[in-house]
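Two complexes are shown next, each including chain A; its partner changes from chain B in the first to chain C in the second.
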Partner chain A sequence: MDNSTKKNKKIDISSGILSVLASLICIIIGLLVGLVILYCINSENALDGFSRILKGGFYLKPKGIGTVLAQTAPLIMTGLSVAFAFKTGLFNIGAAGQYTLGALGALYFALVLKMPWFVCLLAAMLFGALWGAIPGIFKAYFNVNEVITAIMFNWIGLYAVNEIIYKGVIGDMYDMKTTKTYTLRSTSPSSMIPDMGLNNLFKTKSTTIAIFIAIIIAIVVYIVINKTTFGYELKACGHNKEAARYAGINDKKNIVLSMTIAGALSGIGAGLYYLSGVAEWNPQVSTALPAMGFNGIPVALLALSNPIGVIFAALFVSHITVGGGYLPTKYFQPEIADVIIAVIIYLCAFVMLFKGMVLEAIANKKKKKDAQTQTSDMGKGAAE
Partner chain B sequence: MENNDYIIEMLNITKEFPGIKANDNVTLQLRKGEIHALLGENGAGKSTLMSILFGLYQPTSGVIKKNGKEVKINNPNDANDLNIGMVHQHFKLVECFSVLDNIILGIEPAKGLFLSKKGAREKVAALSDKYGLKVDPDALVSDITVGMQQRTEILKMLYRDNEILIFDEPTAVLTPQEIEELMKIMKNLAREGKSILFITHKLNEIMEVSDRCTILRKGKYIGTVNIKDTTKEELSKMMVGRDVNFKVDKKPAKPGETVLKIENMTVPSKMHKNNAVKNVSFNVRRGEIVCIAGIDGNGQTEFVHALTGLEKMTEGKIIFDGKDITDASIRERSKSGMSHIPEDRHKHGLVLDYTLEQNMVLQRYWDDEFQKNGFIKQSAVRKYSQRLIEQYDVRSGQGPITIARSMSGGNQQKAIIAREIDKNPDLLVAVQPTRGLDVGAIEYIHSQLVAQRDKGKAVLLVSLELDEVMNVSDRILVMYEGEIVGQLDPDKTTVEELGLYMAGAKREKVPAQVN
Partner chain C sequence: MLLLLKYTLLYAVVLMLVALGGMFSERSGVINIALEGIMAIGGLAGILVLVLCGDTLSPAALVILSIFASAAAGMLYSLLLGFSAITLKADQTIGGTALNMLATAAAVVIVKAFNNSASGGNGSASSKLTYSNTPFIFTAGPLTYNIFLIIGIVLLIAAYVFLYKTKYGLRLRACGEHPQAADSVGINVYKWRYTGVMISGFLGGIGGLAYIVPSVSTWNFEVGVTGFGFLALAVMIFGQWKPFRIAGAAVFFAVFKSLANIADATFLSNLHLSKNIYDMMPFIASMVILAFTSKNSQAPKAEGIPYDKGAR
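Right, the complex of A and B next:
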């Protein structure tokens, strides 16, 4: 019995390693395609550009690293948001809208109510949760596909938030001079997430403990999904709704809860971003949904929906995005980094396929080895 | 015997899956024109062996020969090129296509860019005449009976001029009449020179149609026998490795107090406008096995769903242990002592992507035994499932952490039965608990049901199998078109009489309350 549990562990670990391997294959192929694109655009400077992307934040130490960390925190959250919903068999394409609502919550509590940062973060969470709950309710009680509702609520959310901020519906947040919301630093410093000296360390303005908050939440999400009865119920619903019902699990409640939590995670993401003062909301140019929300999807895919994996996937995506920003604009558009990420994202859809291929390759190798030992055994037998 | 007498030979086939040798040095030789049965317990490796022949799996070692020449079958297309066809246990038909379209799918005859179905239609009609395979070529697959779907699958093979026909548990899904018909068809096919590999658990069927039988046990080859020279008893002994008792051992029932009281239950149908269950009333007492018999689709499924809370009933009352549970949730019913072995183990009984141990606690994960403050006690779950696995002999590749999907049907069913019985219920609702299982497993499950009864539990068995109904139950209620049309005593009735009630040819007024 002891022996079998040991064997079990080994299998668990190797499956984990496989997932990492598959994700790495995606990344490498994505990077190679990026290199080819760089070559096509400007072959002379391709290698230089490529190395800048690879170096990412490290290209401009230490500031770049600080920037990467500041970008990673919200991305972890939206990645978690999508991954969490995936576990329940739901596709949360609404992370962008929930993120937008989270931004409104954070900015309103900070700029108008001048609340301390953690209150603002909670507000961001609640606003996001509300926006996640709506598609969940539609799905559970009216059987409307969550993707459709979430996409609609993305846009409803975006335009509503723009209007509310621009017109000052719930208070004065909009600065005519900059055409953005007021900066937190000058208007309500106590609403800023503390930096604990990180800004000094990285010589940046917006590297705060947000990254640690995000990592802690990722660990909490991991524990909730894998170690609790709640996670057990959620995953059961995701895998087989009928069996979950048979087991007395309230599937409708779980769908709503799952989307609500996914929304809350996205909302926190926005809070971490805006309360760190990385940027201000610009209601006039924000006519596209925040990319941070959509990038949660590839992050979740790349991580195979594993919350711990999400941390690393988000770090990586931020890393090359920031690196893309350092491309010499004379030769390259910084969007080239987006192209590479896009390629990686497309490949993410194949992560599972790669995993299968790796598995097969290993099996083949083992087979060959077995065959060899078998023949040598047979040889031995004959000799005897 | 000359080698070239064999149309197909599978020699020394070994197939390994993670943690298990599904086939371990198995040899199977098929003669031209014979019906060759493949017998083995659930999980013995029969489907795996046939999947290898059909190119779905590659053997770890071993060779396949056709007409004495070694062949490589890398995929089902290769198999088709070698004239090997297979009817899977779960049919692989396109529901929204017509029968004809399904038959010609993949090799559609074309004139230029256009489909030319006329020739195909004639060929199908000819085949269907020749072998007595009645189908309606223009009906949609989703509208036809399971039997006709199976005939469609058979026509699919014949249309492709397949010579070697593999039937993987073809009778598991059929009614007795349809089985009868299939047996005839198979004999016809063999007479016309087709070679047939026939997987089944039902020894009667093997004795009736096959010429020879190869037996597997736990992946290993046990032997090949001529049916003429053998008996049912010998076959089952070879399969299980011990003597099997066909008659269920049980003493007369000693019914006690009433556990379940159903009053005027009416349940609407999802398929049509009429009610699926109409005004059904009866009681089940401690210490008795009450069996609801009937042909599939006469409201049994809806009845059980309403009883266990999966579906709402529109009228009536359910009293369980003296409490009205008509509006209770599924969880409440389960907590108050109702266990449910569901009809469809893949849809309801298991989360196939969960591990075996996760499935073992599916009805109890919320219990204090397995969780504390919302955290699952992993070691308790492991220990519990290991106990159930041992006690109920659930076989799998990797023990508690085996993914349920990779387990054989019989062992999946055993896992469910272990889980539901171990809950120590007052009422055990078992719906077709032995569907698709081998005689060893059936014997075991029947003895478990009787043991529950003897412990003073109430057992409500829903079954389509006449043998099961007659052997296991203490009281039979026949359901026809959503109504209870007869109450029979298994000791005083015959299979023929039961059949008349099931077919709706006979009915009596059943007293609502039996105490």
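Right, the complex of A and C next:
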């Protein structure tokens, strides 16, 4: 018995190393594709462009680093949102819509009600949770795939939020002069997330403690998923709905709960972004869904849905996105960074399978050894 | 009323083409959530032909060449989905999502690079392309139609005949219902799934061109195809994966989509609803319908499950 737990631990560790390796392979191939694209567009400046993407925020110290941190905080949250749903067997493609609603919540409580920042952040969370609950309810009670519902409600949410902000349905938030929402700095400074001197350190305007809030939440999510009964029940539903129901777990309730929590996490992400004053909501231009929501998907995949891994994956993704912004527009397009990210997710979809194959091979080897000593057909049955 | 008819026809054809594409893919067992991206890439390829050859070719050749380019680009792009979903047995939803993101980003990069080189590289390239859509449009009676209406009807009938009246259609459907059984009688499941995915790329690519070109003469590729590919997925589900039902569902959704276009000119303007509300309507309608129809869904049984020869 003692011997076998030791062996299992060994596999756990090698699985962890393999996961990191698999993610690194995705990143490297993705970056190489980016380099090829740079060469195709302009071969003379390709290497310069590539080094700017690789340097990311470090290209323009210290301001760039501050920008990366400001972008990372909401990205950790949307990444956690997608990762949390993955852990419970759901694909939350609705992070973008939940993020949009979270933005409305944060901006409404900040610009109209002029509440302190933590109240605004809670509002963002609640608005996002509401939008996340809808796909959960449709999945649990109407048998509609959560992916379809979430996509539909992404668009419904986007149009609704644009309408509410532009027309001022629930209060005056829209500044005709800038065609954006009013800036928090001038309208409601107390709704800004405090920066604790980070802005001075990085010579930026919007680097706040949001990044620390996001990291703390990531750790909390890690503990909830891995160390609590509640997290275990959610995961059980994800692995096998029928078995979970047989064990007395209310699977419908858990599906709705998982999506609600995922939505709440995305909502907080929007709160961290807009309450830090990184940008204002623009209902005229925002006819496309916020990229922050969709970028949660590569973050979660790169991190293999591990909440702690999400922190690093989010840092990486915002690193190269900011780097893409430093590309000289005379030769290159900043969207090249988006192409690299999309290639990375495409690769993530199947590189993980190779990891699974390698692990299976290791397990089979071990089984063979066991079978030799125990001379039972257990190994054959378990290998399936 | 005529205006409503005009836009309904326009959108119905697009939704039908793309939803038929989704149907072929899913009937063979592969969930194609990448339709949105396939539309964007197909539309981009066709429009690039229009922009590049607009002055040199005759209108008829231009129409044929651009449609061909769209279909070819859609098929090539769908191969990426096939490769990850069929050959590598990856998660089909994730692969499709990646392709959607890649399509929008790549389209913007290509259009910007194209505009940048056209303007001599001053660095202020936009993500818009302007083209002439007159070769696609013709007038008959009180209405103007576009060429895709005819193509759509032909392809609808072709899809029905292929799927239900030929042995190839039967093989394709078998791969989506019970691939192990299909394999046991000598059908190459991988080959038929690739076929399904590529037909969906073909139809999705043409659908992208049919969506963008007839209605406007400038397109901003930053928005992709504004969620139309996803709407087509809802049409497909509402149409229960059957060609003529899909056509009916497409008309139904197209009415909702058209309301936004005719709101200013008709009695609807008295309601003083804004564009955002109308834009929301097809999505809300699809959710209401999905809620009622999904309980007894007739989805292909093996869709979304990668076929593994060794699995029992």
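Keep in mind that, in the parts below, the second predicted complex is superposed on the first by the 344 of 384 C-alpha atoms of A that agree within 3 Å, B and C clash if a C-alpha of one lies under 4 Å from a C-alpha of the other, contacts with A are read in each partner's own complex, and residues count from 1 in each chain.
FYI, contacts are C-beta pairs under 8 Å (C-beta built on N, C-alpha and C of every residue); 3 or more make two chains touch, one makes a residue touch a chain.
Since the model is a prediction, treat every value here as computed from it, not as a measurement.
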| item | value |
| --- | --- |
| First, second, both or neither for A:339, with chain B first and chain C second | second |
| Which superposed partner A:360 touches (first chain B, second chain C, both, neither) | neither |
| Touched partner set for A:147, first chain B, second chain C, both or neither | second |
| Residue contacts with chain A in the superposition, chain B compared against chain C | C |
| First (chain B), second (chain C), both or neither touched by A:162 | second |
| Which superposed partner A:240 touches (first chain B, second chain C, both, neither) | first |
| Chain B versus chain C as contact partner of A:227, first or second or both or neither | first |
| Complex contact set, residues of chain A against chain C | 37, 41, 91, 93, 138, 142-144, 147-149, 151-156, 159-160, 162-163, 166-167, 287-288, 294, 297, 301, 328-331, 333, 335-336, 338-339, 341-343, 345-346, 348-350, 353, 384 |
| Touching residues on chain A, where the partner in the complex is chain B | 1, 4-5, 7-8, 11-12, 227-230, 232, 235-236, 239-240, 242-250, 367, 370-371 |
| Chain A contact footprint on chain C (complex, rising order) | 33, 80, 84, 88-91, 93-95, 97-99, 101-102, 104-106, 108-109, 112-113, 116, 121-125, 222-224, 226-227, 230, 233-234, 237, 274, 276-277, 279-280, 283-284, 286-287, 290-292, 294-295, 297, 312 |
| Chain A-touching residues of chain B, taken from the complex the two chains share | 18, 60-61, 308, 310, 329-332, 334, 340, 342, 347-354, 358, 362-363, 365-366, 371, 374-376, 378, 382, 386, 398-401 |
